[in-house]
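Let me give you the structure first, and then I'll get to my questions.
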């Protein structure tokens, strides 16, 4: 592969999570040129397991991971938990601490290293708000998890 | 204040941390129009306290916080620690876990809420790499901490 | 303000949580002289979110915080979580770890620093017992969280 | 007591948890010779409190601890939580992180030190699998907690 | 033993840590009447291990624990760590997070339960300030750890 | 591959860490029959980074991982940290909490799943003692980390 590719998979995943509909083409065109897989979605919940499930389901449906291979789901799961650390900042817990989130998530899978032996990696980016279950009583939060897959 | 302002202070701080020199004008012009304060810098270290100190020193020197007011330094400190959670994902520790980081940081201070009574808030964004103390054995990491100030 | 005031807001909050009815006057008179706001209450639960909600509700009703300002609720929320660290000592979790608490809480808001620019701070003190859901199978626990507000 | 005894209570507890029915005699004979108490059982759950309750109930029924003495239950409880750290590796949480466990547990109580003044200690060993709530999407996990009793 | 004793060992330990010289007699007289052991001291440091060592050394010298029995040191050690959770509120770390503490500590050992079979317990109380390594940039903190011994 | 193989890689790794010299043949013969890679070693330290480094160095030298592939070192690193959770039970820290460890470690790499698509996984097992820096003031500890590689 040539050097002209920008392989910063984490940065890409965050920008993809930031992007509104209609602003995504430059990112997804780049992913396509590099033969990377990608998907995104939205989820709001006070139960953390719903966040995990929503991201896993979305990544399966959009073909970013193979749902029949535990190895792939294991890599994705740990990337999700690592990203949730950035969102929750201290303890991966939502409703139990009386807080809720509204998140956009992006999952990107590709080859971030020049060396082909490094194989594929997966990045999970989360962006949205966290706060009390009261409208407007919330601030932004972000998280990024990266794992080999 | 009018609604035309994009007050997403966390998103702005992350984009500002992402921005290379020469790409920052559209962001900083926006900050200036809203009368927000901002600063950025770089730091690489295996000692977490050096990261904290570098961000604090930079924020003081660039006038983002008043170094004589403990209240402001307390707000900044907790925002830094929250951002470090996103970077370290589990335990705020670097060298003790045999890992090192190279980070760009951005600190933005402004009024992210329409309601003036909500006052000023501060956002600390971190973006860079974390990994083994071996060149290239590292992946990207990101963190965002937001606090009232 | 004169130096005669004892501004140790954390110590005051703990003693206020310790105090039985009828023993509180010397503390609350001191708070009143300094124009500090204060409130207290009791809560027992296996669900952590009930503890958080009980303290927030009490602090709103007793006028310690303004429920319409997110900034104030954000400061209170983080002070509560910090106090819960002292009570739970390792992971902010109760029922999920098969344990329950019976707590008295005190919330005090005032100016603990001589320098007026330091503004107002809030202290949340918790005191009571933590243990198994079996009568008498419990020991004491304490927590204190302090934040700028 | 003579030196011929192998007093490694943690190692014994792990091997006892590993042992299938029919393979336990050499271990339990050793426990009996040293006048140690012991018990084991199985539990599968997504709710962590069920794991704690199952181990506590089993240890009471098998006479490893005295259910009327809080002191003994306190020692056992902390040993269980310490063992769960090894199983959960980061946060003592199961269903909230969308994961489940199937565990065999062993509880052993005895005198692991030559010096009689060191008294009795308790070891809790856990062995099994942790993973997604999908058959086969799981890997092994282990934990050991040791406390004075 | 009669019911007239106030056996709240944790509350006592905190008040003892709060007490200035000359104010301690009513507490220590109570301890003596119940045949409880007690000691106190001061320590300031950025290195957490120095805090642990200072409390252990003080408790040994003042006869609160027997330094030749690991069982007793194990009970004390865990009580110290639990108390440090209240002081550090999230991660038991000081200098690595660029913060320092100045603490008074009290260690009390006695029988907090009516039932004699519950035996002796130990309480470690910490009270002081935590903050930046800058004079006055600090706020109060408290911690309490209780363990059977 | 036939079903006669016992593929419980985590259990194997723990038993291999338990095994004294001369007792290892039945385990290592099994590893060889399945074409698994394996290695073991010892390390004692108060500095956690030395433990990580010792395991990494040993796994490289014994050919369990390829030191030129970050992907492999990343998988090993996370397996080591997960295993350290079991040893440290709450915070991955040694000297900073005034404690030290003496550990035997085993690293095993192979195919624990029947389905060939699941590929290779790595297990890190730790067994030894943790305690005060005083001879004999220590108890056993164990940890197991498993990751896809």
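Here the chain labels run A, B, C, D, E and F in written order, and each chain numbers its own residues starting at 1.
In this text, contacts are C-beta pairs under 8 Å (C-beta built on N, C-alpha and C of every residue); 3 or more make two chains touch, one makes a residue touch a chain.
Protein identities per chain, from UniProt: A, B, C, D, E, F = Hut operon positive regulatory protein.
As the structure is a prediction and not an experimental result, all values here were calculated from the model.
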| item | value |
| --- | --- |
| Minimum number of chain-to-chain contact steps, chain B to chain E | 1 |
| Chain whose Cα centroid lies at the greatest distance from that of chain B | D |
| Taking each chain's C-alpha mean as its centre, the one farthest from chain A | E |
| Whole-Å separation of chain centres (CA-atom averages), chain A against chain F | 30 |
| Centroid spacing, where centroids are CA-atom means, of chain A and chain C in whole angstrom | 37 |
| Multi-chain contact sites of chain D, meaning residues that touch two or more partners | 70, 74, 90-91, 93, 96, 113, 121, 136, 139 |
| Pairwise chain contacts under the document criterion | A-B, A-C, A-D, A-F, B-C, B-E, B-F, C-D, C-E, D-E, D-F, E-F |
| Residue ranges of chain A in contact with chain B within the complex | 8-11, 14-15, 18, 82, 85-90, 112-113, 121, 123, 125, 127, 136, 139-146 |
| Residue numbers on chain A that touch chain C, as the complex places them | 90-91, 93, 95-99, 131-132, 134, 136-139 |
| Chain B to chain E touching residues, read off their complex | 47-49, 52-53, 56, 70, 73-74, 77, 81, 91-93, 96 |
| Chain C - residues contacting chain B, complex | 68-71, 74-75, 78, 113, 115, 117-119, 121, 148 |
